[in-house]
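Let me begin by handing over the structure; questions about it come next.
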């Protein structure tokens, strides 16, 4: 294992910030192309009407709300995990927190766009905002969508600050090593950070307080997202298990996304010496726990439904178990449980590649899970005469693809602008980490006296 | 505002910085004039122990309280008081559970905002004005120095800093005339 | 640091260009079909056809920009009212139902056959009649289609609301102008003052 | 970019500029001086008459001021006019008492149909090419007048052929006068679901050539054989009103309703007991019921009088129709027949109804006579709760059938030089086997009064578009639906939108142009004058007590929507003496060998499209069929067991082959159809019938065999056998998701 | 006392004829969506007649059940609307304020009766079919929800008329289009706060049921279940 001086750490972690490789530009262009196509698709939809999507009577929510839940769930990768690790003082967390928090901010921003994308009249989305208008009416606080509005905005503000505050010292670091225009920009971004003990102390205290605050916010966000469903008397939605089930699923998919991002960053930004097998190992164990927990939740949900045998719910149950949605359901079970659990449980397979594969299937599986929560219930409500189907159109698929590539693009750009590993925190950690996760620093001779 | 005159040493590691700090303290320099800068926080060293008292852990709940009250009022007043209660045919216009949720979220938002505001105000960030700084800090050096040293004390401070293990000692902002 | 791969920015611009072109085409296609619709609307009972025939209309409505009506004849309310006529003499039906009648050219000509026949505006009126055409009066008031307001004059008149409350003092206006902004706030304050229903469905259905 | 596109884009730019001046009159169409003085926003209700089916319901039309884009004197402009906004039943009208069926309500769309023919047209391209040019009414009527004058001059008066829907009232009188003038040209009355078999049976049994008028509101037991009397048969609104009363309208009393048929019709769905019966054996079941009543002495055989004596074996107690003997043939269990006979006999007044497919077998007339005899035996003829016959104001003479006309033309037995078509689409509503299309091709000159380019009008040389019913004067004398004497009349509810003319007005104009005898038999200038004249006569007969003079009577009738007697005026059964010929009941005949064609083919009237004449109305296309929930299309109904046998999935495209043709349509599984029956709604399958119906689905009429009901000229449209094969995947638009309320197994979309 | 409008549907009378469906379409400016969109399940029917088969041939029965907005007293659609577009009116109707609707379609998901329909596109009438539009009823635009209003325009007109004539509303004076058209008079509309109204009396029939009553939505539409023939006992 290589040993690194602080200077080398600086060099390694700031290297991705300079220069754009051809491979980078090409993939950015590709991702941007898809994202632009998604924007075009959205404007086309807003202009023509939601009819260009595959939504129909009685399935009024489809891909868009699936994506909404999925992205909000994914956003639990960062802030929540990072906050828990911070509070529990898990020292191995340090190279991981920022790439996790970035996922939160971007996934949350993207997720928060979907309720607007899916509106029939998106230009009136601002009516959710409680502002005094000449119409003299206010939003309805009974609506879970309004709770969403408050919860997501709180979470977004908290996450953004949670991400940005520890970036300030790193901006100062970049500032000191940059020249020209870049220096000016980073000088502005560093906000005049000098690194006095007072600044450090306040920053650490603030991060501690934020970590305490953000955990209940994160839990509430996904609980409220689950209540978007659970508050409606729709078969298999109206369930008390939904809030913890969604929070569990969110953390599950969040860790998977984080692992996936870490694996990619490690490969493409050459961070092999920073994102170590121990990180994948530890997060992989966490992922295993979440996978089992997720299975426990879905088992509990299915079991109670099946025993309950209620006239309203059984059609949805059977449609997913062996009806028209069964292929998706069993794919989900494979992706979320049957594939990842052996990979993550067997130590030999819990390698970086192994966890990345497991994470990939989990991301797919969790997307399917969101879809399977929403669509089969809507298409099999109480009056059998009103049963229907749903089939997405190119517009929805493009927008969905656009958000995935949008996230990847934002991530790429972010990692080009900000060190994706919190340098100062890493350095602090070097003085504390257990041996296995230590980046060994060659002790330097004390300067001549 | 121009950078104030200062004299500082750059220390390669916290142990030498600790010695530098002790040296300055022994020299009887007011702690308020001593400047410390580092590229990472050092806990458990005396040179970082200044300014540790902060009301932040108290201000956050206070902010939360304010946010919560505002959230509660927002939920309540917008539904019932201003400018007229909507007609809902006997259905409740305001219910405890949703109000609780809105209040909860606003409480959390208040706490977050209070924390961030406390941080920024107490550390006087953002502040882009020129001030004492040395880019060497970001290369891992620890800066310990004295602001506005009197001409008389300058050589002694310099010696003490060097004696404690400073790699470099720099003097800035002193007019040649003085 | 390596140079960007040749063509990568080209690729990006092509993708963006395709996207923008697709969007443009979609809007254009929509605008074309909407154009046909808007023509239909202008010609027919405008208040009952779908809102926003074009993007332009939609944007204008969103920002509540309304064009000023240009009347074909400089009809003067001032003179008619000064001569002792009542609103309901011409706007028949306003106290019976939702709408007020805008009199047809025949109605105007019953008097102007003999009165003020030499005035240039009356000559215009007579020319319409001679051509077998009605005067194409332009709407001055009226709610945006998307407001879905079903206003009914009669109950307001029965409640003793003076015409001028909503239409301004017509004795001071020649050609009718939009003197009062019929915003929802305007309606609601009056309803509150008069203890009338502020139930949404009172007006919107 | 093509030049056209460029022009389009510059037009957009121009239009945007024009929108700038939204409030500017210069950019808008001219406005015509209003023809009527209406207050905007206030509705007036005007009486009218529904002409979409033979029931003759009274309408109230909600008229409000609106602005229509019209052409007046060659100029396009906007006109403020009264526009019909909604059709409701006329509460004063004895037949529908303020109620209206879905088809009647959609009649509104006939007036505003975007594909209405807006003025007279003359053919320019080859016949059938659909190329026409516009012309004036003057030259159009002159052209037709000269054709007719040619016939007169060349002494070929018999070469005028007329095909119309069944007409009544003065419209019929004018047409008859016209036809009488041209010798032997009584109009061919074309209605696919005609009631001539029932009329013939009623004439034989009771002496009245009338359809049935049912008094269901007071019935206690109703046995129906194949009659969809709540949906499309006879006078459905009147019958549905009576049905509602019979069910829960009388506290403590609730009648029983038993339906015998092969496929659960919309009416069968409301039955208390639904009993499948073999096709064509409905009459046998009726006689089986009569047998039980006679055998158990529940009713005396003589009680049936003439109606009973008409049937062979009646006096002997119908020995051949003992329940056990007919059980195998009819598929109805003997004990069921016995039970129903006893129940019916015990619940006075009980009534039997036979119609629909039951009357459209080759033995349909005998079946109808059997049902009549059963009614007579039950004692329900002319009694409250039974069947009634209102006095008919004008007798009615029928022409030949379309089949005979077509065969005469095709075989050159008769020459038709000029054909006038009114309110009928013979090309669509006749089996291909009749050769109507070929016959029409042989007619040198065809004039159509149609408002739409349907299959027949496409072949016309001259199109003289009629007003829509709401735009024209209407009169009617409905023969069933109420026991009161009814003479309906309605002035136009609104001004015409287009350059159209009422058909009777055109005929009167033609009569004047032709002059001579014709002009003197038709002395009126306009149709409304003719109606007024008939009301003047009616005043003398009936109205002296209600109005002081004929003018007041006429005015009152217009305000009310007609004149009707205040009390039921049912006339007693008055068969002309003793039965002339005793009828021997017989088994039905079917076209097609059962081995090659294993299924009975059951076309049925669509609740929404009726016989196809309403397929052009978007409301009717998009309303889900009550039982199948299909929208915008047609389908073939198959029993689930049959579907399994043929490994047929719902929505599969199937080919239905009869000895006379084949068609393709998507299949629908219907648990309520007999396994050996294939049912298909009539209505779709128009080649030409406006943008909403053209090229949609298949027309079951086209593959029917030309068998007729024995003893009448009516088509036996239920007498065809077919075979079925799956040919691919079809398209079926269903509104309803599941067939059953609880089981999730039958999800089929 | 405020009115509380309700409806009673007698399933023993309903013949499934669809007169109500077309009457509703005509009265309320419900656009036809055309074959393609209907094929995508986007046809709008504020009232529909549900048809359910029971049993196997030859013992088959069919049940018709007209379903329209049940105007629930505890309506799931109302609470979930973030903008009060769906709300409870003073007379107990589930109001749908089109101009306030931003198209979340949440109400439609929450509605267990599936009686809410969405405007996926701007409705189009082929000229001159637009002349049939009822000026008393809004034409909904793209992106908003719509549903049965109990013909609120008729209720309003009736109330304004009664007020103009300074009298109380009579029972049966106000009839939604479906009730007005129904040939067998299976539907009765009236004020449930008036114990003497026909609707109130019928709503207490021994045959009364509520659709999906177990969900606790407290609908104001009462269904009278089909009766069986009890002639045998009488005989």
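As written, the chains take the letters A, B, C, D and E, and residue 1 is the first residue of each chain.
Note that a contact is a pair of C-beta atoms (placed from the backbone, for glycine too) under 8 Å apart; a residue touches a chain by one contact, two chains touch by 3 or more.
Given the structure is predicted, the values throughout are model-derived calculations rather than measurements.
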{"item": "Set of chains adjacent to chain C and to chain D", "value": "A, E"}
{"item": "Both-way neighbours, i.e. chains that touch chain D and touch chain B", "value": "A, C, E"}
{"item": "Chain of greatest Cα-centre distance to chain E", "value": "B"}
{"item": "Chain at maximum distance from chain D, centres defined as averaged CA atoms", "value": "B"}
{"item": "Contact-richer chain pair [A-D vs A-E]", "value": "A-E"}
{"item": "Chain at the geometric heart of the assembly (C-alpha centres)", "value": "E"}
{"item": "Computed distance of Cα centres, chain C from chain B, in Å", "value": "60"}
{"item": "Geometric centre distance via CA averages, chain C-chain A, whole Å", "value": "49"}
{"item": "Chain B-chain E separation of Cα centroids, rounded to whole Å", "value": "64"}
{"item": "Distance between chain centroids, defined by C-alpha means - chain C, chain E (Å)", "value": "33"}
{"item": "Touching two or more other chains - residues of chain A", "value": "48, 136-137, 139, 142, 146, 384-386, 388-389"}
{"item": "Multi-partner residues of chain D (at least 2 other chains)", "value": "41, 66, 68-69, 629, 736, 738, 740-741"}
{"item": "Touching two or more other chains - residues of chain C", "value": "40, 44-45, 98, 152, 188, 197, 199-200"}
{"item": "Every chain pair meeting the contact rule", "value": "A-B, A-C, A-D, A-E, B-C, B-E, C-D, C-E, D-E"}
{"item": "Residue ranges of chain E touching chain C (in the complex, touch as defined)", "value": "29, 84, 87, 89-90, 93, 95, 97-100, 122-125, 127-128, 130-131, 133, 135-142, 149, 152-153, 156, 160, 163-164"}
{"item": "Parts of chain C lying in touch with chain A, wherever the complex brings them together", "value": "1-6, 8-9, 11-12, 15-16, 18-20, 22-23, 26-27, 30, 55, 58, 62, 183-185, 188"}
{"item": "In the complex, chain D residues that touch chain A", "value": "629, 736-738, 740-742, 744, 747, 749"}
{"item": "Footprint of chain C on chain D - complex, ascending", "value": "8-9, 11-12, 15-16, 19-25, 27-34, 37, 39-42, 66-69, 73, 77-78, 80"}
{"item": "Residues of chain E that touch chain D when the two form their complex", "value": "10, 12-19, 21-23, 25-27, 32-35, 38-39, 41, 43, 45, 48-58, 60-64, 126-135, 177, 180-186, 224, 227-232, 235"}
